[in-house]
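Read from first to last, the chains carry the letters A, B, C, D and E; within each, the first residue is number 1.
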Amino acid sequence: MSPGTLHLEGELRTGPVRITVIDYDADHHEERTVTDIAECFPYRDTGTVTWINIDGLANTEVIEKIGHCFSIHPLTLEDLLNTEQRPKMVDMEGYLYLSLKMLSMRKESFEIKVEHVSLIVGPNYLISFQEDVGDVFDPVRERIRREGGRTRKLGPDYLAYALIDDIVDNYFIVMEKIEERVEDLEEELVVSATRESVWKINRLKKDMIFLRKAVWPLREVITGLERVESPLIKESTHIYLRDVYDHTIQVIDTLETLRDMVSGMLDIYLSSLSYRMNEIMKVLTLIATIFIPLTFVAGVYGMNFRYMPELTWEYGYVTIWGVMIVMVVLMLFYFRKRQWI
Amino acid sequence: MSPGTLHLEGELRTGPVRITVIDYDADHHEERTVTDIAECFPYRDTGTVTWINIDGLANTEVIEKIGHCFSIHPLTLEDLLNTEQRPKMVDMEGYLYLSLKMLSMRKESFEIKVEHVSLIVGPNYLISFQEDVGDVFDPVRERIRREGGRTRKLGPDYLAYALIDDIVDNYFIVMEKIEERVEDLEEELVVSATRESVWKINRLKKDMIFLRKAVWPLREVITGLERVESPLIKESTHIYLRDVYDHTIQVIDTLETLRDMVSGMLDIYLSSLSYRMNEIMKVLTLIATIFIPLTFVAGVYGMNFRYMPELTWEYGYVTIWGVMIVMVVLMLFYFRKRQWI
Amino acid sequence: MSPGTLHLEGELRTGPVRITVIDYDADHHEERTVTDIAECFPYRDTGTVTWINIDGLANTEVIEKIGHCFSIHPLTLEDLLNTEQRPKMVDMEGYLYLSLKMLSMRKESFEIKVEHVSLIVGPNYLISFQEDVGDVFDPVRERIRREGGRTRKLGPDYLAYALIDDIVDNYFIVMEKIEERVEDLEEELVVSATRESVWKINRLKKDMIFLRKAVWPLREVITGLERVESPLIKESTHIYLRDVYDHTIQVIDTLETLRDMVSGMLDIYLSSLSYRMNEIMKVLTLIATIFIPLTFVAGVYGMNFRYMPELTWEYGYVTIWGVMIVMVVLMLFYFRKRQWI
Amino acid sequence: MSPGTLHLEGELRTGPVRITVIDYDADHHEERTVTDIAECFPYRDTGTVTWINIDGLANTEVIEKIGHCFSIHPLTLEDLLNTEQRPKMVDMEGYLYLSLKMLSMRKESFEIKVEHVSLIVGPNYLISFQEDVGDVFDPVRERIRREGGRTRKLGPDYLAYALIDDIVDNYFIVMEKIEERVEDLEEELVVSATRESVWKINRLKKDMIFLRKAVWPLREVITGLERVESPLIKESTHIYLRDVYDHTIQVIDTLETLRDMVSGMLDIYLSSLSYRMNEIMKVLTLIATIFIPLTFVAGVYGMNFRYMPELTWEYGYVTIWGVMIVMVVLMLFYFRKRQWI
Amino acid sequence: MSPGTLHLEGELRTGPVRITVIDYDADHHEERTVTDIAECFPYRDTGTVTWINIDGLANTEVIEKIGHCFSIHPLTLEDLLNTEQRPKMVDMEGYLYLSLKMLSMRKESFEIKVEHVSLIVGPNYLISFQEDVGDVFDPVRERIRREGGRTRKLGPDYLAYALIDDIVDNYFIVMEKIEERVEDLEEELVVSATRESVWKINRLKKDMIFLRKAVWPLREVITGLERVESPLIKESTHIYLRDVYDHTIQVIDTLETLRDMVSGMLDIYLSSLSYRMNEIMKVLTLIATIFIPLTFVAGVYGMNFRYMPELTWEYGYVTIWGVMIVMVVLMLFYFRKRQWI
């Protein structure tokens, strides 16, 4: 297939496309859900800030229309449909393209859901593409609705920052959930490691790897935004980008800390198994070393030789009990000395 | 042997050389299979784009003739015959030399086949050298045939990009196959690890190493193409190179993820063995600690002392059974407390 | 919540805010505890150096008032309330913002307490924010009180240096305590490793991770201070910054040394368990291999066959004892040869 | 000892010094073995290229004479006598000094021999110093003898390249031998690991370390030659240096691959031991858990109680055999279920 | 304590201070041991090179006097008293400050002693500070005494080089001793690993860490000396600094090689324990699997059933011996097949 031909990579998702438009400036605010993408196009040439949000990537026709109207390069369209695309920032002619990963954790199953989010930041518009309906951008929408807020006064670059900030804030929540799982598992490993523990460690490791792939490149994305020589990013936005950069570093720090913890878990598991084996072997050895010699003694006097003088002694039986008790006491003394009991 | 003397390094391959020529521009398209390499030379001086593809490196005479006709440096000829040559990009006088690795996976045996591919990008021609007949370039050929497509309009630098893109797209397919193997092996390790598992882990590790050697240097090759100060790479091609660069990074990311998974596998195997050992020892210890003391008791009353009062008691035998049952119950209670059963 | 809205992140702490002001120059020195933050504002416009110290971040109203009076950016206010903020240095308009971590170790429990400290360095003032009452800055206060000292003669940049120096000096003390714990644990591991040892190793590892997160970024903070092109940091202060930088490197070196030691501990623990297992198994094997064959011999002559000639020999019993003693001697000889006893 | 005082570091080698001179230009070629070093000096001022090769470093007088004649700095003389000197390139006044490691593998014992080789590249001469007679430079000598070859036409910088190229080509041969050893050992580890295996792994590891020390710095040496701003390295030689650089990278790649393989070998050895232990324990457990309970049963009916009703039953003996056989069958069934047999 | 207040950090050392002065130029040479530091001050303003060596840092008064006379910054004085100071180079006004670590190894106990050495390099003087009497600088002193040597002709920068060179030369000696210990331990591990081996490995690891801390920063110190833009380091000294830099790299290389070796030792120890455990278990399993079934057979015929036909057979006893011998032979055959014996 020729590069630039549209097709949805990654897992195919069905369902209709939902398009919402928010148009605002300091004094004015309008929110609409449109059914035909063409309704959005007039906003392109107004002086207000327009945020077009598209939920669902299944309908490539819609994507192509937008691409045509906003002069978006075919390679960008391909990237925003590629749900496996890693986070990146590209400075294209007339707009910036941002690819991000939105994380969410299903509460019951602790499964992490990664959603591919694309932002196209133009001179007076921002178009966001998401895989599914439902996102973490409600706080931004709320702030746009509130008159007099900073968001209303500033342009699409600040809006882009606000969306990234929401995504990063959400990372903290996911990270906390994982931290809980890590701590639970750590306790389980020492106290009652089972065969399932290895599975759990493995799943945590994989989750870590996915998080890394989502979070690490974000750092470069934001650095890219700070360094890009484009009129689309205003000087005044830099301080906010720096702030969200700091948060990203904080997320990465936490992630690396968790990775450090998880990476040593299999060793803890192994040492836990080893310890338990030691305990088991101690019990076996104690029992065996005490009773095997005694059984031998009993065996000796169970022999049927005709001439065994001890057997006929009056106190032979009592004596032999005495001998055996002395043997046990000596054994126990020896074990105590070696600190086995 | 003097550097620049031609000889085929790596595994020697026999079989005839197959030469195909595709000559095209926006309006015109011609495809030929030639038997004598000299038939290709006239294309050198036409204004159209010519793609000469050579399958098979065994015939050094052909290589030398091409080298002479297109003024290719002896060191380049040596590199393109060296099938162990790692991927690289060299800016030579009059042309760019690219060395790449084309991967394919034999379906049944899961063996990865690495083929050494060389591209020579000149002002209006591209010469590709492959070890064997059969490649992954059919999509490109298809697009050249289609009139009006981008490929037809652009020069040999875009053609080179398109070939690299095909090679990288193919990496994704190989990677997916390996991912399956990794996941199968992971399950096997926890559920039913055998001696063969170590072999499998080892083979996966080696495959990873080969992939790394093929894929990692590709990054530098593409970066080199972007940075080279040569009129052979047009400004307009840069955006496409950036795109294939992104794909390469994605392949590398996946590869590193897989490596992370494989590198921990021997530990999982060891922990699996350890766990199993624990289970085995538990059974042994249970049986031994229950029956060894009982056997001792039985042994005691199997002794032949003349004076053993218990033996003559009417309920001696029943009593001793009682004692032994109490012992077993106490043992089981103790094991339950230690969570062994 | 909009970025720049004040709220206390991290663990919420209650309790009142305590504000102390130290105002000084070469000739003059004044120390006050104020109850209303407004009392500090007149100091802003005097020519003397003013150090305002705020203990407790619970009262965001106070923070907001200070922010308003000293023209502090909302993002800075947000950072200084975020107790999870990693150490950083930001060059804002009119002031430098420094975020640091103050460590202390609770003597009995060996728990490390990390306190988030923020410094705002202005042209003639320094404002420090701490989470709790109680800090490590008493040496600096003492030196300010002493007339004729360097601290009295120099500006808020030197004061900032002095505070950082105190914090870093305190790191050395914490590090020494940890070193003791590491050495104690190392001995415990070899001599008498128990299940609790794994917990201890784990806790040490986590403490290391927290220390790293506090100490490593400090390096960049100080480098940032040296490189910042701001009139707030005078040339003459650079030499002192270099000095505290060296100390930070020394702390990091020690930290990495300790990390190296701790990272190998689980292996020592495992090898200790393995060694002990070897010892246990040796004892079991000795006892079992000596007594199991003997028991067999005794068992043979406990059989009730009618025709067993040995049983009727006069010296049968003595002979069998002889045989058994020879067997034991041979066994012991074999064990000695294999160096098991 | 003052720096610059000559003495032979590393292992002292005795035996006479052998000096050979090859003098050539495009038209002329002369080869001599000289006994007095002074015979070489006239070549210094001719226009032809002179290659003086010195085998054996024991005679420091010869070295000093050469140093005096060719104005070689005492520190260079010290370096070329120091057989532990790591590969390096120094741009001295009037000449370049190159230190290299020549590898060879003794066929029978697989021992790697490392020989310290020094090259002094002057305007029209090259002096090479080797520890022993015998080297890998015969292909170069052969090419010099052949009239009309590139080597004859170019200067001492090309000669230096040709010598380095020979050394690097030889690395490939050594590497292949090591690869064989690695693969043999890998198979041995899984199939029949013995105590000697650890020794072999260890020796391989050490060999790897020595190779790394010889090969890695070579990269910098060649990069240094490419970057040096000296008229001694002509522009036209750069393309050849790039080529040998690529070969060095290839050697390093192979080396790292081998290192990766060797580094995991001890884990394979351990897992192999663990697996075998599992097998051993399974056998022990099977035997013990089957026969210990049976022995107990036999022991019970070996007791001598006067009143044991079972003993007098007519079918008591047969019944007890039945009970024991049922026990064995149940056991085997249980083991089969746990997949131990 | 205010920064710049003098106090001796690290372990406090007592004992008197010893001051020696060597004053020389090409023609003149004078050596003195002075009791009052003031006697050294006249040398400051002469044209000759003066080397003042101070052994012992206990007397801070002497240090302060020198500091005052030679205008040394309080922070430098603090650094030279801080025996924990890591190696560094500081370009101060009027002098360079160098901090180094001098190593020595106590022959009997193999303990490494680290001594903190400071050099102050001025325009015509060099002051060295050592913790204790006794150093590795005798070769330098000897060369100063020798008239006509390079040392006599050159300035304090060459003297500083010569001292660093002596220190680095001494590192080689220490390194060799450690190499011996590493090799001894390696053999011990495979042949006769005991509990003490872990201690030894641990001590080696710690020694490595200390060496790293002493040697690694030295590289930066020398690079710093080469790059410093100060008239105190003459152009002609650069070539010597480069030489000692090379030696430092060689020390670091050796150190890393040793670290690599030591880091794998615990694994060798573990594998050695594992191997031994295998051997022990094999013996136990052999004995147990041979004799437990036999004992069972003997037990069966020790039962007291009234009706046991075998007991009354004439050849019952012989037959049962035959059965048991066959069992043993079969067992041995099985073990041989599994390669256990």
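Everything below uses one rule, namely that a contact is a pair of C-beta atoms (placed from the backbone, for glycine too) under 8 Å apart; a residue touches a chain by one contact, two chains touch by 3 or more.
Note that the structure is predicted; figures quoted are calculated from it, not measured.
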Label-sorted list of chains bordering both chain D and chain E is none
Contacting chain A as well as chain C are chains none
For the copies chain C and chain E, the interface residues, called same if over half of the numbers are used by both and different if under half, are different
Whole-Å distance, C-alpha centre of chain B to that of chain C, is 42
Taking each chain's centre as the mean of its CA atoms, chain B sits from chain D at a distance in Å of 26
Each of the following residues of chain E touches two or more other chains, namely 267, 270, 274, 277, 281, 284, 288, 292, 295, 299, 302-304, 308
Among line, ring, star, complete and other, the chain contact graph is ring
Ring traversal (chain A first, then chain C) gives A, C, E, D, B
In the complex, chain C touches chain A at residues 1-4, 73, 75, 78-79, 84-86, 88, 90, 192, 195, 198-199, 202, 205-206, 209, 213, 266-267, 269-270, 273-274, 276-277, 279-281, 283-284, 287-288, 291-292, 294-295, 298-299, 301-304, 308, 310-317, 320
Residue positions on chain A within touch of chain C in the complex are 139, 143, 149-151, 162, 165, 186, 190, 239-240, 242-243, 246, 249-250, 253, 257, 260-261, 264, 267-268, 270-272, 274-275, 277-278, 281-282, 284-285, 288-289, 292-293, 295-296, 299-300, 302-308, 338-340
